[in-house]
Amino acid sequence: MIELEDVAYSYGGAELFSGLSLKLAPGSFHFLTGPSGAGKTTLLKLCYGELLATSGHVMLFEQDAARLDRDQVAMMRRRIGVVHQDCQFLDHLTMRDNVALPLTVSGRSSAFSADLDDLLAWVGLRRQADQLPPQLSGGERQRAALARAVIMSPDVIIADEPTGNIDWEMSQRLLSLLIELNKMGKTILVATHDLNLIRAAKSQVSSRVLRLKDRQLQQAGAEL
Amino acid sequence: MIELEDVAYSYGGAELFSGLSLKLAPGSFHFLTGPSGAGKTTLLKLCYGELLATSGHVMLFEQDAARLDRDQVAMMRRRIGVVHQDCQFLDHLTMRDNVALPLTVSGRSSAFSADLDDLLAWVGLRRQADQLPPQLSGGERQRAALARAVIMSPDVIIADEPTGNIDWEMSQRLLSLLIELNKMGKTILVATHDLNLIRAAKSQVSSRVLRLKDRQLQQAGAEL
Amino acid sequence: MKRLISEATGMVIGDPEAERSVPPTGFTARLTVFTAAAMAFLSVFALALSLATDRLADQWASELAQTSTIRISAPAEQAEAQVAAALRVLETTPGVASARALTDAEQRELLAPWFGPDLPVDRLPIPRLIEVVETSDGFDTTGLRARLQAEVPGAILDDHTRWREPLVDAASRLRLLGWIAIALIIGATGTMITLAAQSALAANAQVIRVMRLVGAEDGYIARAFVRRFTLRALAGALIGAILAGVAILTLPSADTTGGFLTGLGFRGIEWLWLLAIPVLIGVVAFFATRAAALRVLREQS
Amino acid sequence: MKRLISEATGMVIGDPEAERSVPPTGFTARLTVFTAAAMAFLSVFALALSLATDRLADQWASELAQTSTIRISAPAEQAEAQVAAALRVLETTPGVASARALTDAEQRELLAPWFGPDLPVDRLPIPRLIEVVETSDGFDTTGLRARLQAEVPGAILDDHTRWREPLVDAASRLRLLGWIAIALIIGATGTMITLAAQSALAANAQVIRVMRLVGAEDGYIARAFVRRFTLRALAGALIGAILAGVAILTLPSADTTGGFLTGLGFRGIEWLWLLAIPVLIGVVAFFATRAAALRVLREQS
């Protein structure tokens, strides 16, 4: 689904990483860890086309990301559910509308409304459905962001620190949602620094853990 | 320093908590945990005067928070360093200026510039000092927020999930900064859902762990 | 072009779903509506001034420019003959619509301010006056002068140029001022709405980011902003134009005194301008916001 | 009041540290500067129009309103005596600045348009004319008429009311229009700047939140915004006023033709208005932004 080949990226200064290759096969489950500032978020942004690699090739659904025009990028985004690290919402819409936004934008508002309520209940936001984003707690917003990422039932789900502000119990619950989606064939990529979460996942699903450190992407394993 | 007596709070609907009492003695170190949405952030906001209790009394530095006028609240804030859950910065100023903002506002710009660089180095942001906030990684922003909270050497430091986006190693380092400050006599209150962090702290400093759950504030202990 | 029109139509018919994604932004909204209203108000006044001046110029043109006077000074016994000769000349002059000698009563009235009403016109060696009305093309002044000199020695042609010129000049300058003011006002309105839209877009960087994140196309985002701003500008301009219309209607119309500014108002079909100005401002707003939105979206990619 | 003044002074001298906390907000800045400039430009033009009308009215007042004519129709032998009698009456009339009989040459000139230049004034039973110049207070027309009727039977007072009124009326209406336009423009400018400031403040809710978090007082935050907007409005208005001044200077000044609009411009001390308008707009901006800032800060607490 998503393939990075010999990719390098820099924000103008030194390269954050280089010669990086990664292949997310359909139905695979990847974790991405690494110290703060290593470039995890940057790597994820390459994977959903928000950034373009400074060198190397990024293939999204068999298409070269560098060759997509702006509308094609928009179309492609509908096939990728993204949980941004600082969850971003439209502050003037209720959480329900915010979570349903991908449906609205793609013109399928009404079709999924029953699913919408189920989903909100699943992430524990049924009560908060009619509140505005600033009226939610940090953890609630993160859960809403995950709900928004999965509502379109996209082929790929990319989540950046989805459990940073969430207690252990709820993290487990979100993890099991992701695992369930993975079992339905979705490709999952999660950046996290929560090693406990990774450990918990390992026992439930076959996943690979990647570690971004010192400009390199390595396979992690032993230490977990 | 900060005392809550029989305090209740509601955002208009049902009460988040009630009959809550809490006393932060000078030089004490408290952790606050609890499930997402329990009201931790709300409780902290009461402690630094951003919200006013719906009932009960909140005493900040021996003054009734409800009776402070807006300028007095501003003055009081200078004695309390706050790390907000979604770290907020001025996007048009460099991180250095952002971290120094409390000094600027209180009219002491130049006095602390050497300390400023030391502090940035300590939280690992020396390289990022001249970047703008949107150009920082999530973890870097959280560390900057902590640096800003301590730069005025305030009497009380209140931190809301200061390690939500930070890897374990860096979390340890921030923790040791807080412990050091506590040993200098500062009063510390940290809301976190990271039980590992609390466990690590317990072995280094005498701290109390409070748990906000089901509208009550309890002393936690056994399970850690 | 076709795309633009379909876009404009689509915009007016609307895509309320898309529009909802843009926050209401209370103050920017009020700013846009108010600006459009104030500018429309000023435009209508400038326009009314221009139209009034147009009418004034027309009036002067017909009252002064198209009439000339021929003065015939001659001994009493020759006067009648010379008048007749002059009239004959005039009959064959192209560009003269009509010509007639003033009666004694008319001449007396004309001279009353100077001599009082009891002037014995018939007993005085007062020149006889002939009023000449030109066609819209006018006649050849120099040619006529030459012919008159040859055939009617005592005739002097006064085509009122001396009186007319400064007035016509003033009218055309005032009219020019009015049109310059309108152009300035419409231009300023366009710029203000563009800037308001741009600052709204810049303030809504977060909205754009979120919309992008969930896969909205540029067109979708732009439409929401453009629709809003165009409709606001249109509404504001309508309000302003209507207020201005009411204000002009309630201006004391001093038509009776015959003074200079009596005609500050619209007549008949001219009232349609009240509609034209809001439409013009709406069109300006549409293009201005559209360009602004597409530019900001390109920059923020 | 004292606080306001010290605040205004402090603002102009400045607190650049505080100002840095407010982001530059490119488009809002341009919007404010442009609005102020456009409005100052329009104000200056409206003002120039008003001043020109003032001058026009003054001119008419001095040329028409303050001169009257007394026409004395009498048999040739009595004429001189009656003129002398009338002059004597006028000498003792309060409100008459001066009075003199027109010479034959003057009367001939006056009548030239009607009779040609060769009129034998002395041989004709033409009335004698006395030009009366009023003081600024004017005289009592009815009283003077009565006295003249008693002492100089052949005298008729013509105070030109008939000519003057529509012109003075037109001038005063045009002037009124000018002042209304200026009031409208300044009011609109104030509103626009307020709204721009408010939308900037609303867009900067995050800035306000951060400043509060680090212990900034309301005054500190407000000052930063107020200073910025006032200075921008002032700068914009200055630019607009200067441009308008240049435009007015380059307008073809047709003083020679003596027409109506010849005087559209400033004379001598009137140029100071070019400074007064920006200052006025600056003051309006200061109060408008200050009120807006304090309101938004109160609401967002």
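Per-chain residue numbering starts at 1, and chain names A, B, C and D are given in the order in which the chains are listed.
Throughout what follows, a residue touches a chain if its C-beta (ideal position, glycine included) is under 8 Å from a C-beta of that chain, and two chains touch if they have at least 3 such contacts.
As the structure is a prediction and not an experimental result, all values here were calculated from the model.
Peer 1: Where centres are the averaged C-alpha coordinates, which chain has the largest centre distance to chain A?
Peer 2: D
Peer 1: Taking the mean of the CA coordinates per chain, how far is chain C from chain D in Å?
Peer 2: Distance between chain centres: 23 Å.
Peer 1: Roughly how far is chain A from chain C, centre to centre by C-alpha average, rounded to an integer in Å?
Peer 2: Here chain A and chain C have centroids separated by 62 Å.
Peer 1: Rounded to the nearest whole Å, what is the centre-to-centre distance of chain B and chain C, using the mean of the C-alpha atoms as each centre?
Peer 2: Here the centre of chain C sits 67 Å away from the centre of chain B.
Peer 1: Provide the C-alpha centroid distance between chain A and chain B, rounded to the nearest whole angstrom.
Peer 2: Going by mean C-alpha positions, chain A sits 29 Å from chain B.
Peer 1: Any chance you could list the residues of chain A touching two or more other chains?
Peer 2: Within chain A, no residue contacts more than one other chain.
Peer 1: Multi-chain contacts only, two chains or more: what residues does chain C have there?
Peer 2: none
Peer 1: How is the touch graph of the chains shaped: line, ring, star, complete or other?
Peer 2: Drawn as a graph, the chains make one closed cycle, so a ring.
Peer 1: Provide the full list of chain pairs in touch.
Peer 2: Applying the touch rule to all chain pairs gives A-B, A-C, B-D, C-D.
Peer 1: State the interface residues of chain A toward chain B in the complex, per the touch definition above.
Peer 2: Chain A residues touching chain B: 11, 33-37, 40-41, 85-86, 124, 128, 135, 137-140, 143, 160-161, 164-170, 193, 195-196.
Peer 1: Which of the residues in chain A come into contact with chain C in the complex?
Peer 2: Answer in residue numbers: 50, 70-71, 74-78, 82, 84, 88-93, 97, 101-102, 104-107, 109, 148.
Peer 1: Please give the residue numbers of chain C that touch chain D in the complex, ascending.
Peer 2: 25-28, 30-31, 34-35, 38, 41-42, 45, 49, 71, 73, 110-111, 113-116, 118, 120, 124-127, 129, 156, 158, 165-167, 169-171, 173-174, 177, 181, 184-185, 188, 191-192, 195-196, 198-203, 254, 257-262, 264
Peer 1: Please name which positions on chain C make contact with chain A in the complex.
Peer 2: Within the complex, chain C contacts chain A at residues 17, 20-21, 23-24, 206-207, 209-220, 301.
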